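Before anything else, here is the set of structures, which you'll find just below.
Paired with chain B in one complex and with chain C in the other, chain A is shared by the two complexes that follow.
So, the complex of A and B:
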């Protein structure tokens, strides 16, 4: 069965005025919102939007659907229409706007790179376990961890947490939920004291963990359960322990 | 095919005001905004408080005339509002501090609800005492 969907689409082109334009598209009733965006594009090929995998693993298509940051590739049209007569689609907030639904993610990725995490997933590249980092899966006595921690590779770098974060709205310099979660994840992958120290210093900076004002919106909005707010609090805990130890001369100064 | 409607161009001030925009947000954001509003209120109160105390330098009569106003029901209502602000800000501050130390991070919502319930109870008791004693 097909359904007709009214779409209120944010439109903007460099030099022009931002505006909303309403389209009516017909999609199968089990379609997702990304299908709606693609149908709009078929009507109007000047629509700029980003997409790639269609299954929530690339993080490319993130937009705001009815004001909520979502991956349109996994939000059913039926769900987006629940309790309303049209679907509103807007670009992410807190990013420079390129046009229509496309935002400039360059600055975001620069922060993501700072933690030194690789984007590929070496641990999942092979199934024989040979490329697993021992600290990731095994405890000190060599047994499997009863509670393996939430791997940061869950993060698909979609930018949804940046759009949801109220601190990000006030300053672009804030490292941001994803960037700080990346630092936290990178800390867990290494036993190298110097590297740990550098990562903690990065998190401790003026625009690091202390800039977060605990609105928890990143964790609420994250489509991949990365829980950036919890990572930020864990980093603070490590930093506080480090600072207290340093204060009483129990730890090495950074 | 299309109908058009104008929207305002996103500006820097509008972006900064997002911190106060709780539409489609969650409990953590409500706590965040509540803490800021009460924080600003308490700062304003602090200066009002200092201004009022400075009437003491103008002798007992100036102070007594202020106290006469302070006993009016309208002024006592302001006292209750101050108490609400202090309780919300102070108790939520405990939650933020605990979470900021990495303690009870998973319980931030439960902490907020619990502490705000405590704030409500303390406000009710406080208001009763303010208006009856």
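So, the complex of A and C:
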């Protein structure tokens, strides 16, 4: 079955004024909001929007749907229409606006580089958390070697937490929820003392964990259950323990 | 004299890998993409780093390309890959009868493989259909398509390439019998401009026919759509393939925290107008459950469809068309300065780039060796650095 969806779409081109334009599109009733955006594009191919995978892995399509940060590729149209007569779609906040729904994510990815988060992690046997033992897998020479299965990290670098973060709204220098969560994950996955020390210094810095206002909006908005706010609190605890130890001469070196 | 300028139209896997190869060989490169990187065919593909197993019986040329490129990508791509191999599983007597052909195909295409006992396969993949009769392990892998393209483009940018997204080619500029540039509209501003080039490379996959027509030539591309259904649980770590000839819903690819069931295949006229037939989604789930019954207990998380750029052959069913690629130098159509590269797979993008960059070199009388096989790519994040 098809449904007709009125869409209030944010439009902006460099040099022009931002405005909302209303479109009416028809999509299957089990469609997701990304399909609605695509149908608007079919009517008006000057619409700029980012998208690639359509299954919440690339992280490119993040926008605000009815005021909340979402991945339109996994939000059903029916859900977006619940209790309202039209869907409002706007770009993420706290990023430089490029045009229409597109924001500039370069600064965000530069922080991701600094966080040192490795994109793959050991895979679970099930999502209940049990780990596989090393298994024999083929290597780049076509021979077999033993190692655990791996998978991509939970964080898809979509920028939703940046848009939802009130601290980020105050200063774009803040390292941000995704970056700090990345530092937390990177600390868990490295045994390199020097790297750990650098990561802790970054978290402890002027734009690090102490800037966070503890609004927990990031954890609320994250579509991948990364829980950046919990990671920030864990980093604070780690830094306090470290400082106390240093104060009493129990660990002069980071 | 400054290096020749090459425009690459399209920033899917073919365009991204081509930009990298051209930049590495010293060309000035401009990539023009009408939307986001990998926003169509590549972005919405199955994320499968092919071992070649899927094609080793019916399409050996493509299977050999796949295994060769699979092993190269493992060496040059620093991230954006999950490498847990794949299993081809037999569930019926008919599948089991295919096993001998499958193993012979792996041997003929030099695809590493090993048969593993059914009991061991179920230990490794506890959600597999317990009725399985045989399992063969091959070096399938999984990539993240958008980041896959960014890795190539990040490296191309480091070597001087300019990548312009949201910049749509609306026409080719022709002078006599040569293409000398392109006309674009920049969707950021709505402004149009003309960009000159010594060679224009058409790397637009299923849109290759449309771009070629702007240059007055024909390219036999048959856009063929396929549906992917992603569920909200990761039920497997290895890619699970049905041990039989390729058919609808015969593969479940794990990625990140999800599993992706694919795929169907139907010919379309316009790759911009793909409407997913509603029964395809139900069919994917039903067929996927044959491989992994626990799909029953999952929720659909995302559904996508995009067009494959198959090279058209007379009277061939779309499942029978080879997945190999073709490079068309349009001088044979009477048009200079214009080349099309299409067909192929994301897995074979580097090889496609090597071929088209060789042809660009021949056309310009420049002979520089390809070095992409041994040149490590930058991490995808450096695209933004």
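One rule holds for everything that comes next: the second predicted complex is superposed on the first by the 217 of 254 C-alpha atoms of A that agree within 3 Å, B and C clash if a C-alpha of one lies under 4 Å from a C-alpha of the other, contacts with A are read in each partner's own complex, and residues count from 1 in each chain.
As a working rule, contacts are C-beta pairs under 8 Å (C-beta built on N, C-alpha and C of every residue); 3 or more make two chains touch, one makes a residue touch a chain.
Small disclaimer: the values here were computed from a predicted structure and weren't measured.
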{"item": "Partner chain in contact with A:166 - chain B first, chain C second, else both or neither", "value": "first"}
{"item": "A:189 touches, of chain B and chain C: first, second, both or neither?", "value": "neither"}
{"item": "Touched chain A residues, chain B compared with chain C", "value": "C"}
{"item": "Chain B versus chain C as contact partner of A:99, first or second or both or neither", "value": "second"}
{"item": "Common interface positions of chain A, toward chain B and toward chain C", "value": "none"}
{"item": "Touch list for chain B against partner chain A, complex", "value": "1-10, 15-16, 18-19, 23-29, 31-32, 96, 99-103, 105-106, 108"}
{"item": "Interface residues, chain C side, partner chain A - complex", "value": "35-39, 42-44, 47, 71, 74-75, 79-85, 112, 114, 124, 126-127, 137-139, 144-147, 166, 168, 187-190, 228, 230, 233-234, 237-238, 254-258, 260, 272-273, 276, 278, 281, 301-304, 379, 381-385"}
{"item": "Partner chain C, residues of chain A touching it in the complex", "value": "13-15, 28, 30, 32, 42, 45-46, 48-58, 60, 73-74, 98-100, 102, 105-106, 108-110, 112-113, 118-120, 123-127, 132, 135, 137-144, 149-154, 156, 224"}
{"item": "Parts of chain A lying in touch with chain B, wherever the complex brings them together", "value": "10, 17-24, 43-44, 66-68, 93-94, 97, 166-167, 169-170, 213-217, 219-220, 229-230, 233-234, 236-238, 240"}
